[in-house]
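For reference, the structures are reproduced in the following blocks.
What follows is a pair of complexes built around chain A, which joins chain B in one and chain C in the other.
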Partner chain A sequence: MPQIFHPSMNTISRVSIFGAVFFVMAAVGVGAAIVRSPYATEVGVVRVQPVPFSHQHHVGDVGIDCRYCHRSVETEAFAGLPSTDVCMDCHSVLWADSPMLEPVRESYRTGEPLAWNRVHDLPDYAYFNHAIHVRQGVACETCHGRVDEMPLMYREETLHMQWCLECHRNPEVFLRPSEDVFAFDWEPDESTPTGEELAALHGIESKTDCSTCHR
Partner chain B sequence: MTDTHVQSDPSTEPRQTVRSVSQQISAIVLTEGPPRGWWAGFLVSFLLVMLLLVSVGWLFAKGVGIWGINQPVGWGFAIVNFVWWIGIGHAGTLISAILLLFRQEWRTSINRFAEAMTLFAVACAGLFPLLHMGRPQFFFWFIPYPSTTGMWPQFRSPLIWDFFAVGTYATVSLMFWYVGLIPDLATLRDRSRTGRGRIIYGFLAMGWRGSARHWKRYQSAYLLLAGLATPLVISVHTIVSYDFAISILPGWHATVFPPYFVAGAIYSGFAMVLTLSIPLRAVYRLQNFVTDRHLDNMAKVMLASGLVVAYGYLMEHFLAWYGGHQLEEFMLLNRMFGPYAWSYWALIGCNILIPQLLWFKSVRARPLPLFFIAIVINIGMWLERYVIVVTSLHRDFLPSSWGMYEPTFWDWSTYLGTIGLFAALLFLFIRLLPMISIFEMRELVHEHEHSGGASAEAGTS
Partner chain C sequence: MSPVSRSAILGLLLGLVLLPGCVQEMANQPRIDPLEPSAFFPDGSGARPQVPGTIARGQLYADNAATTGREDGEPVQTIPIEVSAGLLAEGRKQYGIYCDHCHGSAGYGDGMVVQRGFPHPPTYYSERLLNVPDGHLFAVITDGLGRMPGYKARIEPQDRWAIVAYVRALQLSQHADASELPADLRNELTATDE
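Here is the complex of A and B:
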């Protein structure tokens, strides 16, 4: 009987059988890397805005408190975006002729709000409430990063569920005293109560029921 | 002991030789065109596969609302069919693994297509939980992989155990089947007269040359796989029964479930093997391989496992009475005399009463009544799952939440579609691969020649 396959088939089949294992592992690895990459998570990716608003300047240099613009952060689920009036509190006087601020003045004249592009957008099936987190001592900085050092706004964290769960499983690691929630570059000192003490004070427990966030 | 048994009641025809075995079985695949019945059967099953595709497509477009499931009956046909198909698969593993380890040589001529039947039944079964999911695109959430949710599947849920049980079962069954095929694929390669056949079968035979070293390794690999498959016969349907038994619903929450599910699986599996082998051996004239002795043995296994199933039914009633649990008692009365009483009594008739005919040797010896009984048992085992799923769910603890379950057209079309898929795969298997293990039959013939020769000498002296 003639030979059906060339002898090189031996090598080819061995390589392809063992190679298949590595190929599958590599495919899984690439998939895992993609979902964690900035391409998918937008971590560190600046979003284009109608006005190049600099948190670094307003928070870091000028020292405006977060709550001056994000007014409902302590009372409502949504932290709130400032209306154009809030911008004009200062910019009717400061840099009143700057061409960069023309969209703001335009918005003020017409009453048409500025259409900011949302940077931190959770999926609709996840319920998140700013007020409860801020009141229990989770700092702005913990989730949003050093906003006072961001010339243009970007995501500091992935917003993946496992990132939420890091804190929800061990909340005491991430707590601050209430008065330090809005501070940046904050470090605890000797007089600062520990996370366990703060958790006990506010009655904070690890909350990992599905219905805590998926309501 | 085995020798006398073989002679009095052969599992092969005495006239067979090593050459005739290879010739007859491989000819079905290699030389003969498929008989007219094959084309007719394949056409019908192919059309049913198309029906399945339409049903699944419509399901994906509209969601599970097209089925009859509702509150309180959230598990309808999908789960009934899943358990039915998984159960059918069990005979293949039992025949190929356990009977191999017990050295029941009569298994040789039926193990190959029983294993194929297992694979195809598991494929059909596996469809249903996926379709029932509602969002089947997320089926991979069953797999414990390092996801960005920071969560594992719920390992306390029997549904996850089920995923692993069925996954393992499918993998081991596939390996077992394929490893068993390798020497026969080499035979087909060597006997094939077309270049294409040589290349395809040669590729699949993985360079099998039949050297002594090949055989030695082959034997240990096959035995190891048989050892792996053996616990699966018990474990898979045990875990399927946990899907029910772990819950607290009367009618599901019963410790008798695992053994009685396993017995039911073997029962339905052997019924399906008979349903397939009786027409097959008639159409392909394989009576010299699948002999009357095989049918007789399978009927006996069926009778025995059927009695265990009957015991399970009896125990459900006994425990409801002995336990004095009001809800359990109500559930059984509702089964017997409630709105689904027809299904319960049909089940008793199909699974307990009619199969008692198998006590008679005259029934076991005739293919036609045997075929009829096998069909009846297939129906009965499907009804059993229907009764368990629907009658337990539709009237649970609170009368205010009672309801009725009515399967829709799409329930039926999906079910019939999987029957078509199963049949289509079997038809292709029969056409493309040897449905009886050639090399094991050769071995059997060889052994018989030797033992036959010895007794002939003893007779003359």
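Here is the complex of A and C:
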């Protein structure tokens, strides 16, 4: 009986079988990469703002405390954003003619607030609270990265549930003494209490119930 | 492969690629988050100003020296609330947040913002400022003076007194005599001198 398939078909059929497996895996891989890419997580992505406000200048160089502008970060869920008056404390005198600051002056004249575009924004079904984290010794740097080196604000972390949980399972690893919460480039030395000691001091527990964050 | 099944597969793949872009309605619920714009109010702002004639919880300020810094129209001579180590610590913290970058951490008026061209505020160690009543310092923090903005809306009266106490402590620190120190600190000082 004559052969129906040419011997080269062996190779072709192997390639196509493995190819199909490879194709499915690649599709899954690409999908996973998209979900984790800056396109979906917004990590490292800079937003267009009405004024190109630089934390590097104001925090890193000039040394203004976070709480001068984000006033409620220690006391409320929402960290707060500065009103135009706060900018005008300094910029009514300093760089008062800078074209870059024209939107600030215009907002001050008209009373129309500056519309900052949110960089971090959790979905509404997740509840986050700054006061508890800052008071229990989780530093700005741990969640927001080196803000003092950011010419423009970007997201350092994904803010995915997985990320929250990585810390909530073992919060001790990330704790600092309260006075170092606003510091950057911080390293513990011999005199700093360990994470376990701090957790015991503040009565910190691992909080992973769904209702902690979905309430 | 028939054109129908090919386009079905293509459609499926396209759907897979677009899937990560799906947005849940739950992610943006019809409530106003802090500072979120709102189409409901005519000025488009979700944050509402306080209704005239009302007092927010925690903002009932009694008309006494502790909240006005004045007595019979005159600035009070000494801090009208109890000064403790806790108050001084709070004052130090508040000073670091609100004053440090202009007045400098030691109070000589040489903070970072001044080094970048902001007008030089006076040092705390002039004869005049060493002798003004405490109520005067309180009034300057409250209402501002010259180029300095007032911080009435941002710093609670209690914390303003804390800052006054801290500034007084700074003044003392720069005009203190070594013999006034407690013995152990004096020993430390002489040890470092050698």
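As a working rule, the second predicted complex is superposed on the first by the 201 of 215 C-alpha atoms of A that agree within 3 Å, B and C clash if a C-alpha of one lies under 4 Å from a C-alpha of the other, contacts with A are read in each partner's own complex, and residues count from 1 in each chain.
Note that in this section contacts are C-beta pairs under 8 Å (C-beta built on N, C-alpha and C of every residue); 3 or more make two chains touch, one makes a residue touch a chain.
Computed from a prediction, not measured in an experiment: that's the story for all the values here.
Visitor: Applying the touch criterion given at the start, work out whether A:Pro52 contacts chain B, chain C, both or neither, answering first, second, both or neither.
Guide: Neither partner.
Visitor: Tell me which touches more residues of chain A here: chain C or chain B.
Guide: So, of the two partners, C touches more residues of chain A.
Visitor: Examine A:Val35 and indicate which partner it touches, taking first as chain B and second as chain C; both and neither are also allowed.
Guide: both
Visitor: Using the touch definition from the top, say if A:Ala115 reaches chain B (first), chain C (second), both or neither.
Guide: Only chain C; A:Ala115 stays clear of chain B.
Visitor: For A:Asp65, decide between first (touching chain B), second (touching chain C), both and neither.
Guide: Touch status of A:Asp65: second partner only.
Visitor: Between chain B and chain C, whom does A:Pro188 touch in the aligned arrangement: first, second, both, or neither?
Guide: neither
Visitor: One more residue to check, A:Gly19. First (chain B), second (chain C), both or neither?
Guide: neither
Visitor: Of the two partner chains, chain B (first) and chain C (second), which one does A:Gly44 touch, if any: first, second, both, or neither?
Guide: A:Gly44: touches no partner chain.
Visitor: Which residues form the common part of the chain A surface touched by chain B and by chain C?
Guide: Common to the two interfaces on chain A: residues 35.
Visitor: Looking at the complex, which residues from chain C come into contact with chain A?
Guide: Going by the criterion above, the answer is residues 13, 16-17, 19-20, 24, 26-29, 31, 33-35, 37, 45, 96-98, 100-101, 112-113, 116-119, 147, 149, 154.
Visitor: Could you pull out which chain A residues touch chain C in their complex?
Guide: 27, 31, 34-35, 40, 61-65, 67-68, 71, 78, 80-81, 85, 88-90, 92-94, 113, 115, 123-125
Visitor: Quick check: in the complex, which residue numbers of chain B touch chain A?
Guide: 145-151, 189-190, 198-199, 202-203, 206-207
Visitor: Looking at the complex, which residues from chain A come into contact with chain B?
Guide: Against chain B, the touching part of chain A is residues 1, 4-5, 9-10, 13, 28, 32, 35-36, 158, 160-166.
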